[in-house]
Amino acid sequence: MTAEESFVVPVLEAALLTSAQPLTLVQLRQLFDTDVSLADLRKNLSTLEQLWHGRGLALTQVASGWRFQTQSWVRPWLSRLEREVEPRYSRAVMETLAIIAYRQPVTRGDIEEIRGVTVSSPVIKTLEERGWIEQVGQRETPGRPALYGTTREFLDHLGLQSLQQLPAQDLWEAGYDAVTATTTS
Amino acid sequence: MTTEELTFDYPGAKVKGEAWSTWPKDLYIPPDALEIFLDQFEGPLDLLLYLIRKHELDILDIQLSDLTHQYMAYVAAMRHHQLPLAAEYLVMAATLIELKARFLLPRPGVIDADEEDPRWRLIQRLMEYERMKNAAEMLQQLPRQGRDFWLGQVADEVAPVRRWPRIGRDDVHHAWGRLSERWRLSRHHRITREALSVREFMIRILKVLTGRSSILFGDLLQGCTRRDQVVVHFMAVLELVRESLVQVVQVEVLGPLHVTLKTADANGEVM
Amino acid sequence: MTAEESFVVPVLEAALLTSAQPLTLVQLRQLFDTDVSLADLRKNLSTLEQLWHGRGLALTQVASGWRFQTQSWVRPWLSRLEREVEPRYSRAVMETLAIIAYRQPVTRGDIEEIRGVTVSSPVIKTLEERGWIEQVGQRETPGRPALYGTTREFLDHLGLQSLQQLPAQDLWEAGYDAVTATTTS
């Protein structure tokens, strides 16, 4: 492969623009099955860098490799966009939170039983980091699983003084009894 | 349609370590292959389609007797080897037999032009299933994000002030309501297809009958929400009768059916 | 703002390449504080699209807006990069998805009728968790079963703008004529 081959630069560009992490020279070399010298690769990266000169993103070398990043001049515009997009919690996070709020103290296993799917660690972590749930003890069953409950901060965020003020939950009762019946039997 | 397009591809099956890529032309399949064979199918419609296509038959002109014969042979083989058979296969067996019976029965007078060919409903279902099966394959082949294409997703270096989602109490309540709704909907579907084997239901019925003299057939069906459950109960009762474990008594014509445990009396005679 | 202003195209480009979700015209308009007509915006998007002609990524319109995605020709190279692998779904999942896509809105019962087997809860849940299907209502029959339809995310995932772009139009028609046409051809 020579540095001039027309597909190399667009392939490098596509790889770098679609990667969440910076890519090392070794990774970039993996893109091409023919033997590519590191020198050739560098030459192509430099071509790519010049191609982006003056635009909103720039090809940059950081500690862990090569990546595109936004230039400072476009940030004022981009930040306007961010302001409009209100971040939201996923369904998994909201449902987990609801179970902990209404059924505390609960273990991860309880949550999984009610939701019917595995509760991923990031979901619990998201809520813990936010300061809305915390470990309140451990259930005295094999494995001693952690019991979770909501925090004062959670009530503060909802503008409530106590859990009693959460909206009524009666629509669940019948179904939930059935769940507990099956899990305890 | 060419033959190639009709070839069914059920990859990955292995019998005793050997790849099982082609199915035998005749009906006989070694018992250990049988289960794997049936596992390759998504249900009775899929199996029927396979049988039709294997013999390069036209779906619109299926010979019920041949098809029923072949289908029943598979089902019988599965049951003979006491392999678990999903209830849906039995429902289909019943349907095929019923259709065949209707063909055999002499029909009085001229055939009503408006009368629907009894095969029609089955043919329609087979065609609709085949269409959706093809659609699934087409969907599988469409370019997909993360497999065939990727998105421009430059992680922005400028980590702006981290913005947290805000929620209200209604959001929590709403999530809770959604959960309970889903629970309510899924409760009825917790019985999976492998749960429905006739033998299991036979045991269940025997247990119900232990400690009581008889039960109405209708009461046995309590809690059955699906047709296949009813069919399995029915087949289980028939099987129990065949094995002389229970008897079914009907006092008057079209009256309720009583299912009674058969017990030996003091003289060793079956009551 | 006029369509000619030099910063508009690079700002659009940077916004689209750094956004995790497709951006709608309305969102793109928010990038600029001056009043921008939708017509101007479209003109600039079309300039941007042409700018990327022949490269590894293309500006694409999908169901929920505009985004950059890779072109099929770079796939052989990019697939050599190790990334999180998109799971392969079972036939049960794919057939259920196909029925929901082509026959929506459908109930679970409808799906069972077509497939001839019970639809297990995990199958529906897998598709729901993936965000490809959602409950779109309830059928007014006894038991009020949930009706399912596909989501915008499903179309996005396939890079499509609307259901009309799904292959094999004849699948939409339940009519017998359409069927015979496909089986005998």
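To keep things simple, chains are lettered A, B and C as they appear, and every chain counts its residues starting from 1.
Definition applied: a residue touches a chain if its C-beta (ideal position, glycine included) is under 8 Å from a C-beta of that chain, and two chains touch if they have at least 3 such contacts.
This is a predicted model, so every value here is computed, not measured.
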item: Chain whose mean Cα position lies farthest from chain B; value: A
item: Geometric centre: closest chain by C-alpha means; value: C
item: Inter-chain centre distance, chain B versus chain C - centres from mean C-alpha coordinates, in Å; value: 32
item: Length of the line joining the C-alpha centres of chain A and chain C, rounded to whole Å; value: 21
item: Separation of mean Cα positions, chain B and chain A [Å, integer]; value: 40
item: Residues within chain C bordering two or more other chains; value: 17-18, 57, 68, 70-71, 78, 83, 121
item: Numbers and ranges of chain B residues touching at least 2 other chains; value: 150-156, 186
item: For the chain B and chain C complex, residues of the former touching the latter; value: 1, 42-46, 58-60, 86, 88, 92, 124-125, 127-140, 142-156, 185-186, 189-193, 226, 228
item: Residues on chain A engaged by chain B in the complex (per definition of touch); value: 14, 17-21, 57, 67-70, 75, 78-79, 82, 86-89, 91, 94-95, 97-99, 101-102, 114-116, 130, 157-160, 165-167, 169, 171-172, 175-176, 178-179
item: Partner chain A, residues of chain C touching it in the complex; value: 7, 10-11, 13-15, 17-19, 21, 23, 27, 30-33, 54-57, 68, 70-71, 74, 77-78, 80-81, 83, 121, 125, 129
item: Chain A-touching residues of chain B, taken from the complex the two chains share; value: 150-158, 160, 163-180, 182-184, 186-187
